[in-house]
Each structure stands twice: as structure tokens, then as C-alpha cells.
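Alright, structures below, take your time with them.
Two complexes are shown next, each including chain A; its partner changes from chain B in the first to chain C in the second.
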Partner chain A sequence: MRAPSWVRVMLVHLVLLVVTVAALYPVLWVLKMALTPGQSFAVDPWPIPQTVTFENFAHVINTETSEGGWLFGRQLFNSLVISLSTAAVGLALSTSAAYALSRFKFVGKEAGMGAFLITQMFPGVVMLIPLYLLLDTMNLLDNLLGLVFVYATTSVPFSVWTLKGYFDTLPRELEEAAMMDGASRWQTFTQVVLPLATPALAVTGLFSFMTAWNEFILATTLVSKPEQFTLPIVLQRYVNDYNAEWGHFAAGAILVSLPVVALFFALQRYFVEGLTAGSVKG
Partner chain B sequence: MTALLLLLATASASEVTVWHSYSGAEQAALEQVADDWESTHPDDRVSLVALPFGGFDTKVDTAIPRGNGPDLFIAAHGNVAKWVLEGVIEPWTSDTTGIAPVGLDAFTVDEQLWGLPIATKSLVLLYDPSRIASPPQTTDELIAMARAETADGHYGLAYQAADPYFHAPWMHAFGAVAIDDDGTVSLDGDAQVQSFAFARRLAVDEGIAPTQPTGELVSRLYEDGDVTFVISGPWFTADLSRPVAAAPFPMVSETGLPARPYLTVDGIYQAKGAPSPELAQDLAWAIASAHGAQTRQDVGGQAVTWTATTGASPLVQTLRTQAETAIPMPTHPDISAVWEAQAYALRRVMRGSASPERAGREAQARFEQLQQKDVVEVSRSPYIAAFGVLLLGLVGMLVVRLRNPELRNELAATKWDYFWIGPAALAMIALVVTPFVLGAAVSLYAYQGGEWTFVGLSHFSDILLSRDFPITSPMSFFYTLAVTILWTVTNLTLHVSIGVALALVLREPWIRMRGMWRALLILPWAVPNYITALIWKSMFHAQYGAINKLLAIVTPGPGPVEFDWFAQFSTSFAANLATNTWLGFPFMMVVTLGALQAIPKDLEEAAEVDGAGYLTRLRHVVWPLLRPALLPAILLGSVWTFNMFNVVYLVSSGEPDGSTEILISEAYRWAFSRNNQYGYAAAYAVLIFGVLLVYSRAANRLVGRKVL
Partner chain C sequence: MATVTLDNLHKAYGETVVLDGVNVEVASGEYIVLVGPSGCGKSTLLRCIAGLETITAGELCIGGKRANERAPRDRGVAMVFQSYALYPHMTVRDNMAFALKVAKVSKKERYAQVDEAAALLELTPLLDRLPGQLSGGQRQRVAMGRAIVRRPDVFLFDEPLSNLDPALRGHMRVELKRMHRRLGATIVHVTHDQVEALTLADRIVVLDKGQVQQVGSPRDLFERPANVFVATFIGAPAMNLLPVIGEGETCRLEGLEQALPVSGTGAFTLGLRPSDMFLADSGIPGVVDVIESLGSEAMVHVTVGAHDVVVRAEEPVQVNSGDVVHLKLSTVHRFDGTTGRRLE
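Let's turn to the complex of A and B:
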């Protein structure tokens, strides 16, 4: 193609810059609040802090339990364990289902696919209390395993949707060749298909991880022991009706967001392909 | 027998669990009291659980009846009548000698004490002792002093004028009450209307107070030395670094009566079914009395109900003086409906969108709409019969289909396929479908005063026939549905157009540092959305938000811009929209980038050779290939946006007057404020699901393939 004029190149880069600044502005603001001493909400619109201190971060990180234990570390550990398990359980549940929906022709397949997506339309508000009662019956209340199961199932529909789309685009010839060589369906799936599906697995794994990492309403309701609390519950306590510790909130918000942002950047090369390969084929 | 139990309880190591929502100094004091108690009870442990303030009541309501509650919990007296009705608490039968009677009164229901009062809280008049020597005795004096204090950026008075709790002192001084003992409410009465007019004058017309004062803004102003008088409570002083003095409320000059704030009493409740009640009572008494009370006063700054503490700070002494004239917060079940209606009136008066008289009349009307109606029980038998017929029909259909030999052969041939999908399907049925069906079943019941009554489909008919509200009122289902649809359409339009535009730009081969741009532009997606929502809400603040500050830079003319974004539907909706667009465009951008990669370059090059310009190529080559790839993402995105609770709830909170509420946030309000009308909320949820189901079927048909 022809090379565009330098005016156009400049203009387009300028537009990109403006949009990016707009996208980053609130993030910079949070950063400013976290780095500025005190608990007040940043007032002037300039998002660069005048004085820099790490005391807000120190406060959040050094919070202790009533027994003098390291609360932040405990909760970070909980959040990590729950989120990683959610990603693992979510992927385990959804990959085989997505593969079946992509490759097999069984009775009720269409309805099954529809049913997965329909659950995305359930309004969460009414499910809170029944979910509590159910987990209580299953003895999974106050139990990290209970939270993991709930989060993993919540993430299944989107994962199935994304993975099925991706599997649809993989050529069947490879699988057919493997099966001709005597591999079973399951072996073909785990040894041929899954390695090819890395981008989609990375994306769905990340989203399952995020579901668990960011959630606090269910976590507050289903868990009552401070040693089992996750990070977002703690963050919630900094801003309430009476009192807002914006500095601590902002520092906590950054600490909570950092791992997800890091994962985003690490996995973003898979994003473009993993998220849409399926839908392109239509 | 009791002695034996006590012996057993103390002999084996026991743990007493206490739930509370204290933070800061109050939490520290409580922890110290617990430590002291443990040192005198070497075999026992105290487990203090600090829960977020927001979810506290719901947790008490759900956990205790199932036997998962704590031994004790600390909460205000506001819900005592409700918890008695629900049977989640035990009466307090032990000694209470030494506790102030005002506290005991608050916890007495039907002449029985239901909790051990530990501290009182009420609003007082706080002021900056470096600027004011002696506090005002009347409101005229207060206004005069505040006027003298007001000058460029410094305010005379700051308080949350539109909040019914902060309005109560004036209301009581004009002789009005929120709700009578017999449940009568007259928000349109003369006394009430006069108090609205007075509040308007104090908070707006005198020009001595900042606009849109939230609690945290008031703290910040005081902390920065930008305000002289503040109306607030003991929590205000907890983390303050500047000195502050307190005085009881002044007399209202118009009526000659003292302004009397509400009194809330914190108390220790004993949860029903606690395993070792004697031990729990022992701990409760240790917290409430003598040494525990002294610690809470000295370390936690609480105005304790234990009368024999010594050395109270001037602030605590003021709180105790104010407690003598303060009016205990009403516990009538309708009180939450009164708050909502009164807040509605106050906001309208402060904003100037209604006169006090009109606001009073409208608030009264709103209260009557929100008030729990008398529940009429209906017979279950027709519903059971209908359900039975339906079930029978389904089973019949299944049997008929299974008798088809072709289908049976097919099933037999593919039976192993079901194992692939089984785990996911079972998990979904157990943890998603079942809770939803149970939740939906609740819509056939009405919940009132701790009891469930079967009302059949009457919630649905009330909602769909708009029986309780005019159809154009923001409270009606159809109004909210219209807003929700507008919300979904505008959001998706913006998400898709911004996302596609950015993707098209990023695709160009001559873009420098493509990876960096892409990484930075997906950042909004990575930040948890409740954090984003809280930040954006503050950025839209009229006086201190960044948006108005930025506007002030770009608009000509001197002086700050103080545009109230949440005062009218259009801008309030726009604030929600801006927040959600910020959250939503990266997803569409990434999806588009993926779809664009799949478009063969040679196709476009061929078009270019044929002389097609950029726009022509976009329209005739790129778009036809992009569209089918984007459709599924758009449809899924529309379902998510339709139910996007966090942004609406946290940014506009429905302002003004509930008009920007969407269906899901409205359902939440029915369930968790407005008296826990769970049945009504569940009916809303079922209708939301119904609307989305119809939408998805229609969308599939429109697109001509199954995408949703």
C-alpha cells in the first residue's frame, strides 16, 4: 500500500495520544491519591503528585490481625489461592464442554450451548441468599473451596463460549490424523488440541482469575472468618458511608490491580487471537 | 444445671466469636478489651470479626437462622424490633445495674431487653476552637457567625443537608417527627415543610455552606482548615489531625425549641443458638461495663453508656449531654421508606427543583408508594395444580420423544459425548440454575416482618399493570425498562464505535509503538470495576471533582465551574455512560483487532489497485467481513451492560430521584433497602430475565443465526 502523508501520520498519532491520556487519566489519579500523604480526595485536576510518600502503601501492607499476624499477606495469599484455583477449576470444567460442543453432534447440543449463554442473563441480585443456603447445605460455607466452586461456575459460560469459538477454527485434519494413528478421542484432545489452543486457554484462564480476584459481594456474604477474607473485602472497608480513607483506598486499589494488570500485559499477545478467532469464522 | 453448663463451658477451651463493623480507634479499643478479657480467662479465646459496614445486616439476617452466626454481634439499636421478629437474637436477662437508662430504653421491645447497650452516638455541633471562642446558643447566632467566617474558599458551615439523619435536629425543633409511635407519617405537614424551608436557607440561601457535601468531603474541608462549623458525630473526630471542639445543638430561633438529633445506641446482641451463652454473656458484660467501658471511652473515644467512667474528654462529655435531649432513632418497620421519601424531598429542595410545600407533598406520595402494602394471602392450590400439569406435560413430552426409535439410536450412539459436557453442566445446574430458580420462586411470596406469605402472581400483576405508580414515574417498571434500554443501546454504540475506530487505527502498518498503545488502551479493562466506579463518582463532584476543574480550564470566563452533574437526568445519565464507556471500549477494541487480522490483506490491496479510497475500502471490504465477527461480542456485551449493576449503583445511585436507575439496581433497592421486600425484588429479577430471553431470541432471528 501507499505510504500515507506525514500530516496524516502525525494527526493519527495525536488522536491516539489524546485517547490514551483520557484512558489513563483516572488511573493516574488513583496513583496520585495513593502517593500523596493524607486521606483526602485529590482536588486539583493535575494528575501528577506534588509530594510523594509511600506511607499509604505501608499502612495497607502492614495492617495486622488482632492476634498480631500479617493480615495483608494472609489475604493476599487467600486471594491468590482462590483466584488460581478458580482459573484451574474453571478451565477444567469448560475445555471439555467446549470441545464437545465444537466437535460432537449429540442430541440437545444446540439447546446445551444456548443454556450456557442463557445463564449470563440471570440477574445476580436474587441469587445471593439462595446461594448462601445451598452452600450451607453442602457444608461449603466459610470454606475457600465453596468460593472457588461458585466463582468457577460463574466463569464457565464465557469460557465455553470463547473456547468453542476457538476450537471451531482449528483444522480437523490434525485430529483425524492422530486418531488414525490410534490415539483415543481423549488423547487427541489433551495432546493435539489443547496445545494448539494456548491463546484461548490463556484468555479464559485470565478471565476466570479476574472473576475471583475482583469479587467482594459474594465473598463478604459467604465467608465470616477474617483469616479467609480476600483483598477486595478489605478494600471495601476503607470507603464507607461515614468515612473515606481515600489514600489507603487508592493504595489498596493499586495493590489489588497490579497482579491483574501484570497478567494482562503478560498475556496480551494472546488476547487478540484467543478472544475472537472463533467468531471470525461465524 | 446452669452451674454445670458454666463449668463445662469454662473447662473446655472455648472461643467466643464477635461480629462488629468498627474501624479505627473504636476497633482498637474493642481489641484491647478482648485481650484483657482473654488474660483473665486463660482457657478461652475471643475472635473479633470486622465486617464491611454495608453487608452487615444482610449477613446477620442470613447467617444466624442457619446456625452460622457469631456468639455476639455489635450493632446499632435500629434493627432491634426486626431482629426480635425474625427470632435471630436472645433477650438479655442478666444484671444491667450501672447502664444509663436511655440506652436500655432503646433496646427494649415489648418490655423485654434485647441487647446490652454499650455506647451512644448522635450528631453534635463541632467547631474550630482556633476561630470560635464560645459556641452559638441559637441558630440565628450560628448563621451570623458562619456568615462572618465565610470568605473566598472558606465556609462557615458544612453538613450533609440532604440526608434525613442530618436534617432530623431541625425537623424535631419545628415539632415534626419522622414517624409516630402508631406509624403515622406526614411529610407534607406544616412543621415538616417549615423544617425543609429552614434547611434550604441554612445550607443554600445563606451562602455559608459548600454544595453537595458528602461525609468524606466535610471531613476533608475541616482537615484542610476550610470550614468553621461542622455538624457530625463522634466518628468525625476519630482520624482528625486538627483540634476540634464540640457543643450541643443550638436552639432554633424560629421556634424557640432546641434542635434534637437522633440518638443511636450501639449494643451487644446475643445471637440465637450460640453454643456457650454464659461465656458470651460474661464477655458482653466485660465489654459493656467498668474497665471495658473505660477502655472504650479512653482508647476508642466512645460516649459509653456505663455511667461510672471517669475522665471523659470534652467531646465525650458533650455527646453525653446531647444524649439527654436526643431522640432515639425510630425502629418502626416503615422507617426506611420514610428515609427514602424524606431524602427525596430534601434533595429536591436543596437543588431548588421544588418548593418546600411541593417537595413535602411529593415525598408523602412517594412514602405511600414505598410503604409495605397489606399482604393478601392467596390459595396455593391453583398454583400447585398448574405446576403439576406443567410438569406432567414436560414428562409426557420427554416420554413421547424418547419412544422415537431414531432418537434412541442416536442417543445410544452419542452417549459418551455427554461425559465431556457433564461436569460443566452439573456444576452450572447446582450453583447457577438452582439458586436462580429458588430465587425466582421467592417472587410468589411476600416478605413482611419476618414472615413469608404466599401471594401468587400478584407481584407480577402489580408491576406489569403499574398499579402502585403512574407509568411515567421513575418508580414504574416501564420507565426503568426504557432507561435500561437507552442505557444498553448508548453504551454499546459507544463501545463499538470507539473500539472499532481504535482497532482500525492500530492496524495501520505505519503506527509507531503499536504494542505500547494497545497495552495502555486495555488498561481500563484490567482495573476492578468497583474501583473505577468509585473514582469516577468522585471525579464528577460539583465542587471538587476533576471533571469540573478541567471544564474550568477550557471554558472562558473567570471563576470555578460548579456544574451539578447529578441534578438532571441527562447529565447524570451521561456520567454513568462515560464511566461505563471507559470500562467497556477495550473489550470491543480487542475483539475488533482479532477480527481484522483474519481479513486477508490481498483483498484490500486489490480494491486499492482498483482505485477504491480508504472509506470505500472500509465500507465495502472491511466492514462486511468485520460485522459477522463482531455480532456475537456485541450481543454478549449488550446482556452484560443490561445488568451492569456496579456502575449505576456507585456512580449516579439513581440520581436525580431514581430516574437513572436501571432494572437490576432497582431490584437491588427493593431487596436490600425499602424494608427487604424480597418477593417484589425477585419478581423484578424474573422480569429482567424474561426481557433478556425475548431479546436474545429476537436477536438470533434478526441476525439469522444462533449467536446468543
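Let's turn to the complex of A and C:
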């Protein structure tokens, strides 16, 4: 194979450089706002701060309730509990559903898959009023459990499609071998299928986690007490019609991003495997 | 070890009939090979015995007891799949021990049994490896080991050698033969490779279009094929088939003036194995078309009348393309011109 010409190499690197700068610039800019003293909006396009301070981070972290409790800790806890529960409940529901859709023939299978797909075509806000009424009826407004139910059910269609696609690529002979070895359908599922589906489970779980972690509109409608707030609502409160604390907002945005970044790093091996799995059969 | 009886077995997927009244009795400790072309139903038949496919009609008995409705795990059978189907996330040891783990055998006991089977198959140094770290031949042995550990009444092999290269396949054939002798197991083996069938089987079942064409020992099938299908399927190169018209002591072949020295009456199909003809100074005349040299022997394609026949000859072959040669016949087979059945 001929080596590419230096002009081509330079062009490729130039494009990569531009894309990298375009991707990193907003992040650096937010970082600059977070590290700069004061709450003004950074109009200077240079993304490196001239003075560095962590007071914005300290302010966000040390926010207290009216009774003097640690409000940020409570809100972080809310977000973590809701997101982890959403991922767990969503995975538990969608894994078994996706496996059934992948392996069994039954009446309504195609229609069910189609219905799952259709639900993904509408923005979440369309469901806002029905969900509000439902949660109100069930006494789950201002309740973390209510948010978990809402997020988990909205993440199920996407998770089912992703997992079904992955299960379709797993050779059926492995399950048949397990059954010949004496395993029940449940043992085959838990001891052979699920371990092999780890990359897909990691990806799907991460998506569910992120969906719940970043969600704002449903959370701000279904929850009104600051003790029940999730972090996206907290962020929004720093910049509203009457107030614009850009420094606190930027510091909060970085703090909110950290758990997701950490999860990405922890799961990146599975993430790449999961995205590429199924692209080649066999 | 157990017997396996297939009594008028049928399998259909909707309107498509895959197995059409299969009757076979496998004796305890017998090595039986199901052979046939792709799509003949041999793998489906094996999967019916395994319990991985439901039986549409007929009866399957394992060890003399009806097994149609029994779950795979309750049939006392172990299967080696064509792809080996090793669990990729488990080590060789855990793959082999899986069945015993499911059966709630203690860890100590199951690993002892795995060690025993591993020693038998020379897998001991590989026990801590993952399947992805093994060669094709090693994976095949692990799949065998996984079956052995279960101590089943019947082993089912679904084309277990088809993914191996020719040299390794030959070696593994010998290993299978040894394993059968050591374990005295009842084995039902599916293959499309007739060499595998002829070398391994106590008896061969030839299937075509879901029906049993013939059941017999490898020698039976080679020497007395029941019909044209078996005659052409068993033996390589395939038997030459010539449509002839019998005239009592001789018969006529289209395009050939000289009568063939084969008795018969009316229209029938004459079967001649390449090894049952030889080049001679006199006999049936023909013209050499192509010579395929295989080292110690050669396949000489000769045009006789309006037909081509293949003759096996020992090297060095003293003829060239275009030469006129003469053929002598040793053994001939006769088949009904319409039904294709063997004529005695």
C-alpha cells in the first residue's frame, strides 16, 4: 500500500485540529467562567482565565437548606439515586423484554416493536400533562420514586431496541448448548446470555443513567420542593429571568458533568464494544 | 449407554416437510452416521433427538422410553455443535464443568471429573484458557470434553469436524474412533462428508429429501447401494451411471456400436465405479478426454459413445488426451431406469 502524501496528512491533521478546538472551546469557556471571580457573563473570547478562584465551586457545593442542612449534597444524592434507579429499573425491564423479542415468536411482537419505536418519535414534553396527572393520582408528585418511574419507562423503548439488536447477534447455539448441558431457560439467560451481553448492558445502562441525570423539563414540572430537586433544576435556578449567576452556573455545570465523565471513563471499553457489536455478524 | 429408536418420525415447518417418516434403530454402543446432502434433514433429525426441535409426528425412544416430550436435559444426551458453541466468557475448565454446576455437583467433585476428561483428551494444559485463545482443533476437543463430562447415554455430533483443516480432520477422525472404543458410547454423528461417514460409522444412514435412502454398514452401502442416489453419494469419485438397453447377455449404450458385456433386459441404468473399471488392450472402446493425476493414482475421463466415464488408474498412466483406449469391467451395478432402485 502506498503511503499517503504529506499534503493529505497535513489536511487530515488540520481538519482534526479544527474539530478538536471546536469541541473543546465551549468546555474551556465554561471552565473559565467557573474559575473567574464574579458572576458576569464572559464576553472575552479567550478561553483561559486571567485570575483563578474556586469560590464559585465552593458556593455551589456549600449551598444550605433553610434549616442549615447540606442542600447540594441532598440534591446530588437525589440525582444519583434517581439516575441509578432509572438505569437499574430500565435495564431490568428492558433486558427481559428485549430477550423475549429477540428469541420468541408471539402475537403482537412486530406491533409491539413498532409501538416502542413510535414512542421515540415524540418529544418528552408531549407526555408532560398526562404524566403529571398520573403521578398526581398516584400521589407521587414531589417524590423521587415518581421521577424514577417516569424516567425508567421512557428509557425502556430505546433500551429494548438496543438490547434486542445485541441479543440478535448472539449465536443461538450457545443457548442450545446450555440447555443441552441441563440449564433451564432462566439459567441460560442469567449464566450465558447476560454475561455475554455485558457491553450492551453497559451502554444501555449508561444511556439510561445519562437520560435521567440530564433531564430537566419533566423534573422541574413534577418536583417543586428544593429538597427534592435534581441537579439540572439547581443549575437552572442560577440563571433565570431575575438573576444571572454565571459563575455559579458554570461551576455547577462542571460539577454535574463529573460523575458522567467518570462513568464514561469507567465504561469506555464496553461502550466502544457495545457500539460496534453487531456490525459484523459471526 | 442406550438405544435410540426413531419410529416413523415426521418433522414439518408449516407446509414444508423436512423429515418424512424416518425409521432407524440405533443399538447401544453403536456409532451411527447420518449422511446426506445439504438440506436433506440430517441436522434437523439430530436436533429432534436432542430435543431442540419438536417432533411433528412419530415416536422417539431413548433407552426404550418415549422421549418426544422430554426436555433436552432429561434425555440423557450430550451434543457437540458444528460451531462447538463454547461459552466464550468461561475458561475451558468452566465450560466443561458447566453441566455439572447446573446439576449442583460440588465444586471439588466437578473439577475432579473435568480433570479426568481433560486428561483423556489431552486438554490439561489448556484448562485455564478462554475459548478465544484456542485453535480450532483444541476447541473441538473442549466441545468433546464438555460432552464427555456429562456422562450421557447418547452422544450427538453435528458436523463436529467440518470447521477443521483437512489434516486436522483426519487426525480428529482417528481420535473420535479411539474415543468411541474407550467409552463404548452410543454415538449419532451427522456429516455431509462421506469419507467421515465411511471411516467412522458402524452403520450409515443415508438421507435425502427427509427420507431414509438406505441403512447399512459402510461396505454394504459401497458394494450394494440401494438406489441411484446412494450409489452416487457414497464413493469418490462418484459412480458412473449409463442409461442402457438390455438385450439378454449384452446391452446397448447410446452412441456406441459395440455391445457392452453386461446382461439385462429392457431399459435400465448401469452403474460402474471408477475402481471397477481398468484400462486394457481390448474391451469397450473410448477416447481419453482429461487425466487428473492424484499422485499415486489418476482419474482418467474417457468418452464412451455419447457419455463420459471416470476410470481410476494407477500412476504412471501411459495414455494421453485424445488416445483411443479400451476398458474392462470387474463389478457392475444395475438400477431401474425409472425408479432408480437397485436391480438384483
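The rule we apply is simple: the second predicted complex is superposed on the first by the 261 of 282 C-alpha atoms of A that agree within 3 Å, B and C clash if a C-alpha of one lies under 4 Å from a C-alpha of the other, contacts with A are read in each partner's own complex, and residues count from 1 in each chain.
Note that in this section a contact is a pair of C-beta atoms (placed from the backbone, for glycine too) under 8 Å apart; a residue touches a chain by one contact, two chains touch by 3 or more.
Note that this is a predicted model, so its numbers are computed, not measured.
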{"item": "Clash-or-fit label for the pair chain B, chain C on chain A", "value": "fit"}
{"item": "C-alpha centroid angle, chain C to chain B via chain A, nearest 10°", "value": "140"}
{"item": "Partner chain in contact with A:Gln187 - chain B first, chain C second, else both or neither", "value": "second"}
{"item": "Which of chain B and chain C A:Pro195 touches, first, second, both or neither", "value": "second"}
{"item": "Which superposed partner A:Met179 touches (first chain B, second chain C, both, neither)", "value": "second"}
{"item": "Chain A residues touched by each partner, larger count belonging to chain B or chain C", "value": "B"}
{"item": "Chain B versus chain C as contact partner of A:Val19, first or second or both or neither", "value": "first"}
{"item": "Three-chain overlay, closest Cα atoms of chain B and chain C, distance in Å", "value": "11"}
{"item": "Overlap of chain C and chain B interfaces on chain A (superposed complexes)", "value": "none"}
{"item": "Chain B-facing residues of chain A, complex", "value": "1-4, 9, 12-13, 15-16, 19-20, 23-27, 29-30, 38-45, 66, 92-94, 96-97, 99-101, 104-107, 110, 112-134, 136, 141-142, 149-150, 152-154, 156-158, 160-161, 165, 213-214, 216-217, 220-221, 224-226, 232-233, 235-237, 239-246, 249, 253, 256-257, 260-261, 264-265, 268, 271-277, 279-280, 282"}
{"item": "Residues of chain C that touch chain A when the two form their complex", "value": "50, 52, 71-73, 77-79, 81-83, 85-89, 98-99, 102-103, 146, 150"}
{"item": "Of chain A, residues touching chain C in the complex", "value": "171, 173-174, 176-183, 187, 191-192, 195-196"}
